[in-house]
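Two complexes come next, and they have one chain in common, chain A, joined by chain B in the first and chain C in the second.
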Partner chain A sequence: MYRLRKIALAFCILLFSTGCWDSKDIEQVNFIVGSAFDKAPPTTSDEKNRQKKRVQLTIQTISHQPGSSQSGQGNNQQKQYQNVSGTGDSRLEIIRQFALKTENAGVGAHLKVSVISESLLRDMNLELLLSFHARTYEVRDSCIMLIAQGSAADTLKIAADIPSFELIGISDNQYKTNRLLPPVTHGKLQNLLEANTSFAVQSVRTQNKEIKFNGGALIKGDTKKLIGILSEEEVEGLNWITGKIKGGFVKGKDPKTHGLILYEISSVKSKIIPHVKGGHVSFDVNIDTIGRLNEDWVLAGNAFSNKFIKRAEIAATEEIKRQIKQTLTKLQKTYQIDAAGFGEQLRIHYPKEWNHMKKNWDKRFSKAPIHYHVNVTIRDYMVKGRKEISK
Partner chain B sequence: MMKQKDRITTTQMAIYVSTHMTALGILTLPRVVTATTQTPDGWISVLLSGLVINLFAIVLVKLCQRFPQESFYQYNPKIIGKWFGILLSFSLITYFILLGSFEIRGMAEVTHLYLLPRTPFMATIIPFICLGVYLTVGGINPLVRLFEVLFTPSILIFIIVILLSLKTFEPNNIRPVLGQGILPVIKGMQPTALALTGPETMLVVFSFMKEPQKGIKAITLGIATPLFFYIMTTIFTLGSLGVAGVQTKTWPVLSLFRQFEYTGIIFERFETFMLAIWILQIFTTFVTCLYVSALGFSQIFKKEIKPFIFGLAPFMYVISLSPKNINDFFHLGDFLGYVGIAFIIVVPSIMIIIAMLRGKKHVPAS
Partner chain C sequence: MKGSQKNSTNKGENTNKTEEKPQQAKSQHVTDDIHTNIEQIKQNIGHNTDVIFRSFQLGTTKLKAAIVYVDGLVDKDLIQDQILKSMIYDLSSIYSEEQLSDHDHLKDWVNNNVISVSDVKEEKSFDNVITSILTGSTALLIDNINTIFILGTTSYKTRSIEEPITESLVRGPREGFNESLADNRALLRRGLPDPALTMLEYEMGVRSKKKLLLVYMEGITNPDLLMIVKKRLEKFDLDLALESGYIEQFIQDDHFSLFPQVQSTERPDRVIAALTEGRVAILLDGTPFALIAPVTFSMMLQSPEDYYERWIPGSLIRLLRYFAAFITVFVPSIYVSFISFHQGLIPTKLAISIAATREGVPFPSLIEALLMETAIEVLREAGLRLPRPVGQTVGLVGGLVVGEAAVKAGIVSPIMVIIVAITAISSFAIPQYSAGIALRMLRFGAMICAGIWGLYGVILFFLLLAIHMCKLKSFGVPYISPAAPYRLRDWKDFIFRFPLLIMKKRPQMMRTLDDKRQKGNS
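Entry: the complex of A and B
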């Protein structure tokens, strides 16, 4: 009896430990690592023309491919990735096409980067476009979003082992340059859109299979469409206002000799202080930055003396102020869009007033006076202090 | 009447209450609270309602302490008469059966969505119930011992994973504190009901306590632990997703853990850990519901408990599959929240007043 029980137990355990219901061999799975959205080219197909807002979706998949010895042509440099495109007006429809085009179905759980083309976003609501991904459990919210000037599909064809990984790698370079916007993840993007906030997303441009992260795309909060592109320098100014700088440098001009002075940024603190007086909104932006003198093209520059350090600080301050001014003009005058989080601070400090103002905030913002104060501290000058001994 | 081995200590009691409390409610808590407050002050609502619940739970313990050897099913006829008493007992049993089924369904829904998209509900629910039955048959002691084992790892994993979410945490999202005044916070207390149900099991299991005089300590600890989790979860979820983002997600807490990835260390993604401990927490709640309702039947009919446990299991399976879609399921949750709160706030308060007026109290035999 006892023996019988043991056997029964063993059977039960075996039955339940046989494996996973949803299992799938890893050889049969294509991992989608990147996706790109473009405007669909015009076609002659009837079914396609009935759909009004068509999108071309390109996905990049990597799969487990052991050895490429059978390729025959002695081509050792086989591509590690595969790009497939499809058009349609819904995600599932396009995915259905992929099932007809490729052997193994893609799995979206490892999607790392999504690139959306500028032209598509100029006349399509980003939130609706994102509903492509937003509802599925497969795509994680940590996937990074980029805006492509020109073709988005091209960004997935750049010369790199796996273009998608290259894109993510560059997005993480914030500690080397201050011309990069902090990466916007899919989850963060959704939250910003749902809050009707305007914001800036990193934009990229591809030329001859080479990619450059070249500025910021401005997304308007109420229409959720792209309305303009900031240049690299303006992105720098925007980063100074938001204080989201981890590294990089400022190229200033020595006020005395007009030689170049390069200030390397170690840390930045920025504080936006809103003021509301009788319905009039104004802002103070206080920026404190600490860094070091890295390079100077001033022959008589003696960093051992505080006078020169002061001059270098002034040089950096002026340059930062110039960048901020340029950015604010673009934001307030050209595009009338608050992408720097001024409204956020107003919401925090004046919640009651914000309730009345948030309706047409972008308009109000364009008229709000903004004063900015920059305080640069140069802490050291690395190995060398001076170049020549002055007589 | 009851065997000496069926006694549990004060710590075990506290763990019992807290594991019973942490269940399905935590996953939707940030959403339901924020949808009402519309401000980032949801966590204050959670804190306040936790304190209120604790206050009434103390009343509940006071009621139980009048009858330290008996469960709610046994003493309520003495207070409000036989028929009303049995009616009340049956409504409590029904509540527990529904709550248990609700928890299983929630477990199945989330597993289906995030872990096993093509596995049918049946395949996740049936083993779950079978294990529950296996555990429950052993009585209260195996139950609480399991809870003790699960308690520490759950807390550790929870704290580690929630701290990892600091990567996407933005302090601006939870500011300003009380920007719209206190009114939204008060309003936000109402939808916390489901998350805060749990202390009502004390009505039944109090009779197992070794030291009934320490009941208040047990229940306060038992409520404080999950309350701490709830507040942390609400703050971190709001901090990552923002007031607008939280309201649109079906399971905001799981969305929170999908916001970030850590590359370079052994694990990149952490929602699996959270789901694992969370499924264990669901299991504990389901098991207590099963046990407490079966105990109710056995004490009312004065029969062995085992047949009731086996009899209730298929019943709970059927109920768990009865909500037609996920919205029905959420509505059932809201309803259960209010019933649970009624059993914590209304029932004990009225009963203790009646008991005081009629002078009903357990008189020691010797």
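Entry: the complex of A and C
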């Protein structure tokens, strides 16, 4: 009997320690799938508030109307998502405002993408801006970050069923193009910020409700602010250095006829080898790539002859070298920022020397000579070649 | 029980001295005088119309004799051909007057030379005589002899040996037990013609007087186990033992546990396999269900087919059943906790579509789940009791029409219907009916825990269940062995069924006297 009472007591304690009042059925919560950070628009009426409120946060939630899952039935032009915006100093403060604006509480566990506007990040420390993300357990490590050139809120309004899903869908397209930086996820971002490393983030631009992933934004490691934007071609060069290319093509020029040669990339291996000699740092970058000849605009080219293949390889090599050079100039001269992981390789190979150099690494990097060697191998010319017409 | 009480009051009306006569009968022994003997039997059971008294004279002598039997329980052909005919006709051709005058000699002579029935006993106590008559024997009374011959003439209509309905297999013997103990015993003997197969006979029920057989393998079964079973069988005193379920409930270990601690089966092959593993079987007259003890939880998820099939499919199908058992208990509760507490654990697109389907459902997910699970249990029960064609219709109407209508009406969400259907089907994949019921009951507990505490509650429930199962024992064998206590040798036949070739020894947990299963060096 006494034992029974003990069990009953334990049961009651467990009951009140947590309980069904935490329960919220799935249809009573709003899934936040996307968030966008912008500079708060200046409010002319209130001078004090304008100074205080710095951030405008837009969140995108899924509106689950009955039947929205059965799309295609009937012509319901109802939007499947809702965007809500608020301004304030801290993220939490803004989120709390939304409770006054929407029926259901938001749940951040399904947050897929955070877009931060370029202009905001030029003045604001990224780590501080996202400190709420870093602390809460709700935001998953798989949530990706993008930088918007222009308004970040607009990227959540593009013409798509659910804009956030569209964004993560595009950011996964690396196997089709080499102009896309590998996605920076929430988990990876925390590492990068913690290590004070400079890095590049995919940037996007919206125009007429259409999105375009166009280049990369450079975040400086010590200030954690955005300092510059790389163009699409420069992103390509950066990807060649880091070797993070899964697909895409290189548009080369035939050295003989100046006709177009398109080299489709199958695989890329890149290795950065640091050298330290008497306090001077230099790097060798070895890039090996295998691919196929996809398209050639050279009428005189004979895909069956190895000579022509060699020519095509040289064409691709030259183009890749040109892109790398362009990127390195941007990184070393214009922005003086190591966003390609040279420092990381130095840390691995020369940990002692790295300890001395890491303090003003970005400056040292800008002066380090970098030699790059590109080796292109064309393995096949797909299912059809063309013989020379002349002769 | 009611029937037997009624019987005794009837007796009171018919005979005057009801209070004393039965007691007298107990103490009284058979006398020399045939008339008093017959009178004595008549006083006890003579008022019943199915008890037949037939008096005759031995051959051409004036020596009186009589037979008493119950109509319908005896083989009448046997009585006519082998008893009456030989007593009346054949006797006269070979008897001599001298032999008849010597009573002792007459007794032996009748026994040895006249009655051509194999099963003959001599009884002196009226109590035993009456019991024997009521269980189908024929009593032969002869004047001047102070014993009564009990002739085994029992013969009644039994069901033929059919395929067991509750445990049908794709591959395996199609024989099942029937209601006759003699047939069941014969099935076991035929499957295991080994002198070590031992059957101890007990009598169950003070009034029902059912024969019960305790079957084991001498030289394999652990004597300690045998002693426990014997002790438990002797400890209780039943009025009526209709079915082996009565026995099961008296000998089981934990009366409050939801898990069956004795396995019931209709299949002789299953019993034989259990016997050779060192287990004990209990057969009761009048029921096709034999009991096997001790059992472990893994036995509840095993089917004889696991062994008849080759080992890879056998193992995979067994694994599938473990999976089905898990689904039966935990899937509705996990669904409820995901929906009500942990929406973040569902993949985003699935979460969105679930949220859309639940839009407009008026109940919290727990109520919805309980509602649907109860409905499906009701359907199952209804389908079970109805005649087969009607039962199928009920299942169809219930499952399809009601489910569809409930979704259309917006009372439940379609995903809940899927969950309920999956759990129901999984629960039927469990080969033991009683184990299936146990798991289905547990499902409700898990759901309520999930509704209150979410996944935390489901984990608490699982822990509680694990504690209970670790504590539970069936006849001294831990219920979840060989998982705990950990016995690696027995894992060969636990979640996977390893090739028979390497299962060279009997289960370690049974502590058998002879643990070699296969000849040769192991």
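As a working rule, the second predicted complex is superposed on the first by the 347 of 391 C-alpha atoms of A that agree within 3 Å, B and C clash if a C-alpha of one lies under 4 Å from a C-alpha of the other, contacts with A are read in each partner's own complex, and residues count from 1 in each chain.
The definition used in the following text is that a residue touches a chain if its C-beta (ideal position, glycine included) is under 8 Å from a C-beta of that chain, and two chains touch if they have at least 3 such contacts.
All figures in this text were calculated on a predicted structure; none of them were measured in a lab.
Novice: Once the shared chain is lined up, is A:Val29 touching chain B (first), chain C (second), both, or neither of them?
Specialist: After superposing on A, A:Val29 lies in contact with chain C but is clear of chain B.
Novice: Just to be sure I read the superposition right, which of the two partners does A:Ile62 touch: chain B = first, chain C = second, or both, or neither?
Specialist: So A:Ile62 only meets chain C here.
Novice: Determine, under the contact definition given at the top, whether A:Val107 touches first (chain B), second (chain C), both, or neither.
Specialist: So A:Val107 only meets chain C here.
Novice: First (chain B), second (chain C), both or neither: which does A:Gly259 touch?
Specialist: Touch partners of A:Gly259: none, neither chain B nor chain C.
Novice: May I ask you to decide whether A:Ala195 touches chain B, chain C, both, or neither, giving the answer as first, second, both or neither?
Specialist: After superposing on A, A:Ala195 lies in contact with chain B but is clear of chain C.
Novice: Thinking of the overlay built on chain A, is A:Thr185 touched by chain B (first), by chain C (second), by both, or by neither?
Specialist: First partner only, chain B.
Novice: Which parts of chain A are touched by chain B and by chain C alike?
Specialist: The answer is residues 20, 22, 140 of chain A.
Novice: So in the complex, which bits of chain B are touching chain A?
Specialist: Residues 39, 113-114, 116-119, 123, 127, 168, 172, 175-176, 179-180, 240-245, 247-248, 255, 258-261, 269.
Novice: Which part of chain A faces chain C closely enough to touch in the complex?
Specialist: 14-15, 18-20, 22-27, 29, 31, 33, 62, 64-69, 107, 109-110, 112, 138, 140
Novice: What part of chain A is in contact with chain B in the complex they form?
Specialist: Residues 16, 20-22, 137, 140-142, 185, 187-188, 190-192, 194-196, 341, 344, 347-349, 351-352 of chain A touch chain B in their complex.
Novice: Inside the complex, what are the residues of chain C that reach chain A?
Specialist: It comes out as residues 338-341, 343-346, 348, 351-361, 364-365, 451-454, 456, 460.
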